[in-house]
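Once you've had a glance at the structure underneath, I'll fire off some questions.
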């Protein structure tokens, strides 16, 4: 598919996780510190008002931010979400959604990242997340 | 099912929303200002580490908090999530999860609620949410 | 002043910090996991609208939460705020303000606490904070 | 001092507020949607560890974000902080601190802004804030 080792690694992780693969997201692009995801909102993701549920956008933002932290730490380490914040700016309708996660800082124990959730040029939501970065003792990371 | 008009109203809303009904959550209990949801994490909700994804817990917290705001406003009004925050305290494994949403304050335009996400007695996460409460012009509420 | 070693320790810390002593807050009560602060808003703390600035309430909440984490960790360890969140519910006028900080969970590296900011019985704001808890290498705590 | 009406307006507001003028901050620059503040941390702002207290940085971020919202709304309207979030990335020592607030979106009732807190080129903290934007009935706004 790709010769890029970062992109390849993230795609393998997504494919190996039952939740992520079932959710239907794709890793469109990745480099050190930044990850871009694609996802398509269908009729089954809409609430009573015909809008994509905010929890779905939170999920996408958390995945994009977590993977962006992933690109910034050594392979043998593990990242876990400590705290997640979302600000919803505009309603999201059905169709393609793009999410860009960006690392702001990764230290020895804590990482901080932010995310944009977009539909075309419209900024739907901004996310922020704090991640604990630890040695992966179990090897299952 | 029930004679309780608050509980009945919330269950109808959940059933009428494609997203909520597909997500598989149930409204276990509801009173003015408080809503308790039940949900079951299966193998398909687990990530690479065998844990429930934080985005799923954020979705459950947002639904519980939004419905708790719902119980505190007039039927003709509409609530929309402006901001959502999650603090993850303990890892969530497969099995039954309970989420309790509680209104802290609802004003004429803004509501604020909090949530506990539990597995048995273990507090998995705490959520907080700010909601815009507006007149429902469309009638689709 | 007091025979309570927790209360005594927190009061010494406040007195030894130029910022905290200048800010004029007092530790009214403390036990393992909970700290209650008192503070008085004077004319100099009011903004153009005659209200206490939200940054002052954030400061009080952060101090109360940080000290509540302090009561739950070993003396030789250090706590640093990673993330702070405030929800403002009602306007704060001049007069006495009380802030209660409560630990929700302290792990080996991360602590999470919440705070109530009160004026009499009125809940003015709710705070939440994530703290990094580390070994104090410098001895300056 | 300046011919810029936005900058002039913000400086007048700061000067007229007991809290803001006592805090010692200055409005260095302002345009539609962005405000840059300057502030100097002295010995009296340091905690036991010799670092600037996070509540002070939260105050600066809230002021910068609130003023950036101010530049984006009509003069007769009023902004009030509903929710404030801070992520602390690096410790702040004594000396000059710069804070840039930026509006991300202002709607008819709600505004959302973000802030960078800097010491030279070092990003100390990131802030986010939600503001209620209402008609100023009292004329005191």
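Going by the order they are written in, the chains are A, B, C and D; count residues from 1 in each one.
By our rule, a contact is a pair of C-beta atoms (placed from the backbone, for glycine too) under 8 Å apart; a residue touches a chain by one contact, two chains touch by 3 or more.
All values reported here derive from a predicted model rather than from experimental measurement.
*Asks:* Counting contact pairs by residue number and requiring over half to coincide, which of A-D, B-D or C-D is equivalent to B-C?
*Replies:* The same interface as B-C is formed by A-D.
*Asks:* For the chain pairs A-C and A-B, which is connected through the larger number of C-beta pairs in contact?
*Replies:* Most contacts of the two pairs: A-B.
*Asks:* Quick check: how many Å separate the C-alpha centres of chain A and chain C?
*Replies:* Chain centroid spacing, chain A to chain C, equals 33 Å.
*Asks:* Please tell me the distance, in whole Å, between the geometric centres of chain A and chain D computed from their C-alpha atoms.
*Replies:* Taking the average C-alpha coordinate of chain A and of chain D, the gap between them is 30 Å.
*Asks:* Roughly how far is chain A from chain B, going centre to centre by Cα mean, in whole Å?
*Replies:* Inter-chain centre distance comes to 22 Å.
*Asks:* Specify, in ascending order, the residues of chain B that touch 2 or more different other chains.
*Replies:* 82-83, 85, 87, 130
*Asks:* Using the touch definition up top, name the residues of chain A that touch chain D in the complex.
*Replies:* 85, 87, 89-90, 104-105, 112, 114, 123, 126, 128, 130
*Asks:* In the complex of these two chains, what residues of chain B are touching chain A?
*Replies:* 13, 16-20, 22, 43-50, 52-56, 58-60, 62-63, 78, 80-88, 91, 138, 140-141
*Asks:* With touch defined as at the start, can you tell me which chain D residues reach chain B in the complex?
*Replies:* Within the complex, chain D touches chain B at residues 82-83, 85, 109-110, 130, 132, 134.
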